[in-house]
């Protein structure tokens, strides 16, 4: 049984798991309104599915065609667009946006105010600090060839991205890497290193006690 | 005829064009609440007008005194303050804010999470990437003389501003210029050039195939 | 007497002062939903209290356990988490988030889209420009020792933080200091100076006519 606040809107066809809670003014299963020049697909969407024990918080929006795992928290005023997959035990912080066609692994902690662009891949156990910005289009809406080249970030297992950091289009951040707060990342980040600055440069290796295989 | 979701609030006097859609929990025609020290005008406001075919999305807010063109999308959870003009075919991305007394030309694409400060001018066909920040007050709320000097950016026709870039007060970005992701722009940007970095510096000309006059 | 819009939700036990207004779809007195790994306290919360003459704007959220002073404006779509104290005459701009266990003095002006992390201290008369980002965890969710070291910024009386600036964890910004737009602050900022850049460096003293003791 799901618990839907009387002020919330759950669109027809949405599949809510056991123990799901949908809080005040949240909207689940919404259809997108696409602009004339949007590059998002116009195929019919599957219903949204929300896994057991997940909470869709106050004022949050989850679009049709997305699949949210079990025991997740979709934070207040957050928004998850169509064709997003969010693994179990994930957190999407207050006000964050996950754009269409993005895959997020299990145990991801996306903090408040983060912007995850369309066509991104975030593997298990990534940590996205508040107000991180990601991008996917070096052409910013110009040229036809951009449509083939549009690519969000690939953030490998256990990587951490610091507060307000900005990732340029198509960046890969390696496993267990650490991007400092405010870094502007213009090149791929190797696994297990700390990068800082604008443009971001390698500073040192991540401390051993912060690695997940060491219980960090 | 407009289509207003039963949970939306359209304030009295608002003028909605043909085919306008107002989605869940959106508010149109709201009066501002001004702080004691706000520099915004306290004159009575005209009603909000929303052009034919425009969509005011879920949880979005449009204030009284603003005029939204035809076939626009005001994205989910976005906010448009009083005395804003938005041209036809404009997009205001999810969660973005356009502050009071700002003029945005036709065909502007303001992506998600952007902040357009008060007293800004954005000409036709500008592209504002996600999470761009603009500013208008070098004095940050101090001195009387700041009130005469307060000035938002002027972003000329077809210019593009990259993800998370920050524009200092009063900056002019020239026609068809390109500001890279994460740039901090402290000086005017000439037309047709690419600037990057913090502080932003000219890197090269914009590629010919990205110019609008070449069909970019 | 308080004025509560019929679409707003005020949770039981909340204490609203005289002349308080709660606008469309706002939620006051909400209980938090904590993730399994959240470091926030799980103690029972006191009711939220809202001081005389304060406005909780459209779509805003104020959690239980927080105390908002008199004559404040909590802006549209803003969010104030549990155990926050906001002094009299404060402004929390549209869409801003103040995380749990934060103290904000009287007369603070937090502009739109700012992110104030948990365990922060903001003294009287601070000015936080739009889209400022603060952080509190150098370990980004790893190690046990981080829990003792987690620390938000301390922003002293009358200090001003520029648009889109980023403060690293535990930073102290001195009285009347000025942090330029887009700065990335990695070290404490002395009182009364201007810092700019990434990483931020001292540029000069704050102009005398901008100091509060000179009527700035």
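Side notes on the structure shown:
As written, the chains take the letters A, B and C, and residue 1 is the first residue of each chain.
One rule holds for everything that comes next: a contact is a pair of C-beta atoms (placed from the backbone, for glycine too) under 8 Å apart; a residue touches a chain by one contact, two chains touch by 3 or more.
Here the structure is a predicted model, which is why all the values come from computation and not from measurement.
Taken together, the touching pairs cover every possible pairing of the chains. Chain A and chain C touch with mostly distinct residues; of the residue numbers seen at this interface, under half occur in both copies.
Between chain A and chain C, the centres computed from C-alpha atoms are 25 Å apart. Within chain B, the positions touching two or more other chains are listed as 7, 25, 59, 77, 95, 113, 131, 164, 198. On the side of chain B, the complex with chain C involves touching residues 7, 9, 25, 27, 30, 33, 35-37, 59, 61, 77, 79, 95, 97, 99, 113, 115, 117, 131, 133-135, 137, 139-143, 164, 166, 168-169, 184, 198-199. Touching chain B in their complex are the following residues of chain C: 7, 21, 24-25, 55, 57-59, 71, 73, 76-77, 89, 91, 94-95, 109, 112-113, 127, 129-131, 160, 162-164, 178, 181-182, 197-198, 209-212, 216.
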